[in-house]
Amino acid sequence: MTQNTSKLVTFGEAMVRLSPPEFRRLEQAHTLDFQAGGAELNAAIAAHRLGLPARFVTRLTQNPLGHMIENKAREHGVDTSCIAWTDADRVGVYFVEFGAAPRPNTVLYDRRDSAMAHVRLGEIDWECALRGADYFHTSGITPALSPSAAAETIEAIRTARRLGAQVSVDLNYRARLWTQAEARRVMSQIASETDILITTEEDTERVFGIAAPSYEEVARLLAREFALDAVVITLRETPSVWRNAWSAMAYDARADVVIHAPTFDIEVVDRVGSGDAFAGGFLAGYAKDGIELGVRWGVGVSALKQTYPWDFSCATPED
Amino acid sequence: MTQNTSKLVTFGEAMVRLSPPEFRRLEQAHTLDFQAGGAELNAAIAAHRLGLPARFVTRLTQNPLGHMIENKAREHGVDTSCIAWTDADRVGVYFVEFGAAPRPNTVLYDRRDSAMAHVRLGEIDWECALRGADYFHTSGITPALSPSAAAETIEAIRTARRLGAQVSVDLNYRARLWTQAEARRVMSQIASETDILITTEEDTERVFGIAAPSYEEVARLLAREFALDAVVITLRETPSVWRNAWSAMAYDARADVVIHAPTFDIEVVDRVGSGDAFAGGFLAGYAKDGIELGVRWGVGVSALKQTYPWDFSCATPED
Amino acid sequence: MTQNTSKLVTFGEAMVRLSPPEFRRLEQAHTLDFQAGGAELNAAIAAHRLGLPARFVTRLTQNPLGHMIENKAREHGVDTSCIAWTDADRVGVYFVEFGAAPRPNTVLYDRRDSAMAHVRLGEIDWECALRGADYFHTSGITPALSPSAAAETIEAIRTARRLGAQVSVDLNYRARLWTQAEARRVMSQIASETDILITTEEDTERVFGIAAPSYEEVARLLAREFALDAVVITLRETPSVWRNAWSAMAYDARADVVIHAPTFDIEVVDRVGSGDAFAGGFLAGYAKDGIELGVRWGVGVSALKQTYPWDFSCATPED
Amino acid sequence: MTQNTSKLVTFGEAMVRLSPPEFRRLEQAHTLDFQAGGAELNAAIAAHRLGLPARFVTRLTQNPLGHMIENKAREHGVDTSCIAWTDADRVGVYFVEFGAAPRPNTVLYDRRDSAMAHVRLGEIDWECALRGADYFHTSGITPALSPSAAAETIEAIRTARRLGAQVSVDLNYRARLWTQAEARRVMSQIASETDILITTEEDTERVFGIAAPSYEEVARLLAREFALDAVVITLRETPSVWRNAWSAMAYDARADVVIHAPTFDIEVVDRVGSGDAFAGGFLAGYAKDGIELGVRWGVGVSALKQTYPWDFSCATPED
Amino acid sequence: MTQNTSKLVTFGEAMVRLSPPEFRRLEQAHTLDFQAGGAELNAAIAAHRLGLPARFVTRLTQNPLGHMIENKAREHGVDTSCIAWTDADRVGVYFVEFGAAPRPNTVLYDRRDSAMAHVRLGEIDWECALRGADYFHTSGITPALSPSAAAETIEAIRTARRLGAQVSVDLNYRARLWTQAEARRVMSQIASETDILITTEEDTERVFGIAAPSYEEVARLLAREFALDAVVITLRETPSVWRNAWSAMAYDARADVVIHAPTFDIEVVDRVGSGDAFAGGFLAGYAKDGIELGVRWGVGVSALKQTYPWDFSCATPED
Amino acid sequence: MTQNTSKLVTFGEAMVRLSPPEFRRLEQAHTLDFQAGGAELNAAIAAHRLGLPARFVTRLTQNPLGHMIENKAREHGVDTSCIAWTDADRVGVYFVEFGAAPRPNTVLYDRRDSAMAHVRLGEIDWECALRGADYFHTSGITPALSPSAAAETIEAIRTARRLGAQVSVDLNYRARLWTQAEARRVMSQIASETDILITTEEDTERVFGIAAPSYEEVARLLAREFALDAVVITLRETPSVWRNAWSAMAYDARADVVIHAPTFDIEVVDRVGSGDAFAGGFLAGYAKDGIELGVRWGVGVSALKQTYPWDFSCATPED
């Protein structure tokens, strides 16, 4: 468990996560679970625990909430030395209510004016943060936070490519943060500088207007449109809130090969962050042995993540 | 959320509810969840949250347990200004153990000699409590508590009708409180002064000896026997303790029409109070748009209630 | 830790004890600590843990609450084989709110119509329960529960004396259960058949109307009035709710000697049951080495009991 | 406990209150207590429980956090029918860390851009909210939230006076919200339309630059400067974090009389909100029997509030 | 519930059981549930609660952990008077992580050098411990702990048979404690002095190398090989982690009859200890009415045990 | 908060720490707080949070308990890259019971055969672990664990000195681990290769037989005997369990100057680890500005540590 140079660098917002216990509504709660989470932090942790040393880059307010988030990242071994700290702004918060059929999970975000949304272009020294990295990963949430966050995301991607790292992006469209038109404009630009795109059929249609009769065709269209090396599509079926089936497929554009991961039947404890665990697991497997191990680890880690609480994966290669 | 005049008035006993966490038996518990509940209080809360301003009438002992119960009612917006307070008697208590197949939920009641059972005829000023109300609701539990509670229930029903309110009764037969013969004698009298009867097939047979090959027929027989405007029959299937299917049908006697609600598959967190939530949901929907919305809201609210803990519904029309 | 014959037999009511955590008022609580307690059960446990094998006799309703109480007694090694079980009546409950200066602790009792209050004279086989016992102990609470409980108490005391056991009584006057006149009538009769009386200055004056300028004189007057072998007076100073000073004195009437125990300064976690722990500790020390060790152990155990939660002592001779 | 017309109307911000249990730092917490609080809500609850029917007016975002705050107000009986609801903005949050000597309590506020700070002048119908009220109360926090909140506060005070209500203001200077110069400008205007001013020696000097050798003299100077009917000065000594001494004095300007309340030695469970409990207790006592009962109830309620957790008083006149 | 002479004596190790709540991994836990467990203690409790008075014999270190284990045994009524106490060695500990599909439960043992493993031959007075007993029960775990534990197990079995008790053994092969070769050598010797063998198809093959096309045949082969009176085979199907089907069959070698128990579909709260509950339930039923009631009670109690937490059965004959 | 090279390296055992909540005895607990602790880990965390980058070196078993300990170290920023991992041995555990006067805190250790005690000489690459470090710190606990741990400690100290780091040792005599004679033999050797010795008057006398009428004289004698640069003596007064006074003095042998730290009156939440926090605080202050800031930070951090739970300091320079 030696901490070598970080091979994976992820960039995005991490927030305080508050959730009522025991399926309570917020109005019924008297205590809240107090954790941290964020798509790219979740992905970094999942990858790091699978043996791909990871660094998480963000902007955080210097107060106990910001420190708590850094502590959680460090607890799981993720490098936090390139976080940009500020005395201004605030730490975003989200509230998760866990459901039971027919009531779905709900998430209430209170993330406006967070330190990450107010990041200023150039505030992060990407040369330093990315030196030695083989992979850079972010999601469609980060550029959706604010125009300056979008600009900084593109800056990071360009520096990553210049320094020889592969770029992975999880499309992850969030209707509460921006419109489909805004997303299409920014994400098209980002996708065209991306090597690996992780997405779902629905998001692909909503953001890029790309649809096709089969997953394989969607993947091929995406790869062609944005000159991608690989497209990964995750597949979830949810017969109820407490049960899930989860799988994925990948299209290796260089080899023109489609790979299908096995499907897992899952008893769901907490599905928040499962997509991020997939991304982290994919990258760790991909770094170790290519796309096939990537989708297998991605699906496996994501399935395990849903069997314990909170955003972070605890899975190791042995699991 | 302005508190206007209460349009619905409910009458019955509310108790302290104590339950062990995490499926423990009482003998395994070291802490108990401390809540309140009671059929008519539950119904009032469900209705109030759906937009039908509600008042709950009961008799309570003036001590921290009684105050806690009033607090819970007020927390959900229910009017408590007509509760009859006494320094005598006690607050009833019930203990709920949550099961898992093949072990069912069990409830241990310790409600003897409660303030509500000792209500004296005339102790509640029904003229005042019911003024302006459109609906009065109670259940078969209230008259089962004691002869004086039965007398006061009938007094309330008569005053309600005199003042122009419709009367709704949830049959709710409790074998631990009275015999079928006692129930038949009192409930027949009450049913004959009722407008809307909510019941199940089993209770109808046990209390009134009325059975028929179909739900529709049972409803028709009931409507004819007691000159009811509407009969509502709830339908529950329980393949296991953690899963449930829940639906209902209503017979509109004035229009001679049968209405079927959709069926919900439910992952059960806490089914205690789901019948009461149905009653409250039915009345709110009925008040808003007649019997059809009534059964739809009744079933929907009841399904949602089972997805979070405790007796009370948190559902709003949006849910 | 071999369970030999019980040398001490105690008799009284045990109840469910419910208390809010963290100094909350009952109206603020959402969970309650769920424990058991009762003066004579507490005394039996304190004595048993100090090496005096003890049996607790009571009457309990056969339900999970009654079983929980028996379980707690057994957990601490106390023999429960002579409990009288019934399907009728109920298990008493009391609610404890913990205070902080200037707010004192408060206790809300809900014990009416308990199985113990409804004990019928002759229902307990005292010949069997007391065979081989050297000491019988009860408190002024037991006869205060009901006339039949008082009659059964006197029956137990007489059987104990007949079988050669010494009788110890903790005066423990409870104004909520009976008047001073009632208490004086019954307790005078009981005291006259008692060997060891444990009391406070205030209770002595309220129940027997006996007062004197010094503790020693009060003890002498009591010993003379009721032909007692020993009188033990406990002394508590309470500068605040969280701090206490606790001591005791004993008058050995046979030797006409007064013994003073050391005083303990106590940081109070839970003072409920400290008087009962004193009685149990006194009896264990007295059985081992006479009155002097009795008061020392009584005060020591009582001080330790106040440093952890709930009614029961966990102290051992080494402590 | 009948809900008559509200005699007291308070106006201010209420927030979600999150606090780690067991003296933990936020960085150590895994759960947070989830409550509500706010100076004027706290005061309304304290007064209402002492028999002065109270209404709380604020602006809240329509989401589960806003509803939770309304629920808590209603739970304690406070009227919430004049709250202004909005779909915009957010609900403020504050985090409380409980200390132990030599570490003081700390509070981290995250209240920027709250619905209350964004209240628009005229958004609240003060004619309606204040009709029938005898007292209007607010604190120096409300006008400090934003210029529009200050304007609305002055609007409320003028309407209150026009409708015949007395105006009470708790000076409560918060350096994190505005400068002393800003505070002086606004609070001088408010004080000159106030009848009763509650303050401390320090705040008086910081906000108004008024100091004098004795509390009495400070009170006289304030009364003269702003033509006040009464000035109340609270006095706290804090020998440690877990112990407190608390008292108050009042100057009755109409009678030119100084009244001193007794001093309470307090074992502190939670001192947050104790000043607000004082204000509510003062108003309830004052409404019942004038300034002397006001300061006595104020100090007594405030002392009791510190002996249990959270912002709200549970005290009743009997306590 | 009178404690008569113990009719069943069980022998084995009891340990402290620590488990994270809410499906957390150990790395995610901040509190652990603190209970006790051990195959033969679990069996003794299950049998005792079903009316077969039981004694548990083990060796324990004299410290709060050892006392806690004794307390738990006594709480459920089991006699602990023949436990061998020592100041040396330690109390074993095991950590249970609860899973959700596709993640199974995991158990981490820290039991090396426990007091039970270090038991010395002859340290327990079996003459005394077994006097009056009708049944002696142990499992394949006990002899696996150490050579001296194996020797003491054989000593106990021989004494039991000499004193006229029937010997029951649950094969329970634990690969972490010994090899199959070691197990076969010792368990063959033990089985040949056993009357009733409880086992599974897999363990039978792993330990004795006995396999056959049907359960019935396996049972017959075992009975013939070791001259057993009865062979009981438990049957579990686990479609997922939260659902289970559980049944058993018994072969009555004296009557040459095969008995099948009904199958239960189980919603699993905690399956740890379910095999031990089966053994205890079997013995209680067998003692009451022979093998048929034995397998019925065994399966029924085992099913119920899985519906509440911790190792111990709470089931009574009524359940 | 950038993680530069570790300037401080500490070496010792870290264990799982389990403690009952709310002043319960272990026999009363149903859950235990699950944390980590260890003298040198505690010191590393205290120093790191005060700005002295720290690395913790130990030997740990590769299982969830070992990983949990590493996670906690990382959470607080401490470098764990030189921990020696093994599949053998076990992770030590200790149980803390919190007291209240007159009952002191008690600690039950279960640390025998831990991975750290079984460290083999040469197993840790000290050249690598210590490169770039300015300070090496350990305590008298580490060499007491086993002869091989003592040998490895001396190896570390010698390597540290060779690489130019100053060596700090906290004498910390543990009678449960070794005799005074053993301690004197090993610690004399260690002290003679030490630069800074942290101790108490009592430990100095017990281990080295050095006593004198004043602290200053004790410090001078120690400095002379072992050619130390600095001697730091901590001073604790404990009027009760919940209150403490804490101070320290230092003797700067090079300057022949005595420095006294201020005294703090402390309301104690958890005093476990306060001595270690002192050591860490001292080293951080010493590294920043010499001995005087060292003792001031040492006492200050140690006082703060006692005001929140668990072994680790959360204090920052601002506190």
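Note that the chains take the letters A, B, C, D, E and F in the order they are written out, and that residue 1 is the start of every chain.
Going forward, contacts are C-beta pairs under 8 Å (C-beta built on N, C-alpha and C of every residue); 3 or more make two chains touch, one makes a residue touch a chain.
On a predicted model such as this, the values are computed, not experimentally measured, just so you know.
Chemist: Chains shared as neighbours by subunit B and subunit C?
Modeler: Intersection of subunit B and subunit C contact lists gives D, E.
Chemist: Compare the contact pairs of C-D with each of D-F, B-C or A-F and report the one sharing over half of them by residue number.
Modeler: Having compared contact pairs by residue number, the answer is D-F.
Chemist: Using C-alpha centres only, name the chain that sits farthest from subunit A.
Modeler: It is C.
Chemist: Quick check for the class: compute each chain's Cα centroid; which one is farthest from the centroid of subunit D?
Modeler: Result for the farthest chain: E.
Chemist: Just curious, how far off is subunit D from subunit A if you go by their C-alpha centres, in Å?
Modeler: 44
Chemist: Using mean CA coordinates as chain centres, what's the gap between subunit B and subunit E in Å?
Modeler: Using C-alpha averages as centres, the distance is 47 Å.
Chemist: Could you please state the distance in Å, as a whole number, between where the Cα atoms of subunit B are centred and where those of subunit D are centred?
Modeler: 40
Chemist: Would you mind listing the residues of subunit C that make contact with two or more other chains?
Modeler: In subunit C, the residues touching two or more other chains are 21, 25, 27, 30, 71.
Chemist: Any two chains that touch count here, so list every such pair.
Modeler: A-B, A-D, A-E, A-F, B-C, B-D, B-E, C-D, C-E, C-F, D-F, E-F
Chemist: Which positions of subunit F touch subunit A when the two form their complex?
Modeler: 1-3, 70-72, 74-77, 79-81, 83, 85
Chemist: Okay, in this complex, where on subunit C does subunit D touch?
Modeler: For this pair, the touching residues of subunit C are 22-25, 27-28, 99-103, 240-242.
Chemist: Given the complex with subunit F, which residues does subunit E contribute to the contact?
Modeler: For subunit E paired with subunit F, touching residues are 18, 20-21, 25-27, 29-35, 63-65, 67-68, 71, 90-91, 93, 95, 97, 108, 110, 112-113.
Chemist: Mind listing the subunit C positions that touch subunit F in their complex?
Modeler: Contacts found on subunit C: 21, 264-269, 303-304, 306-310, 314, 319.
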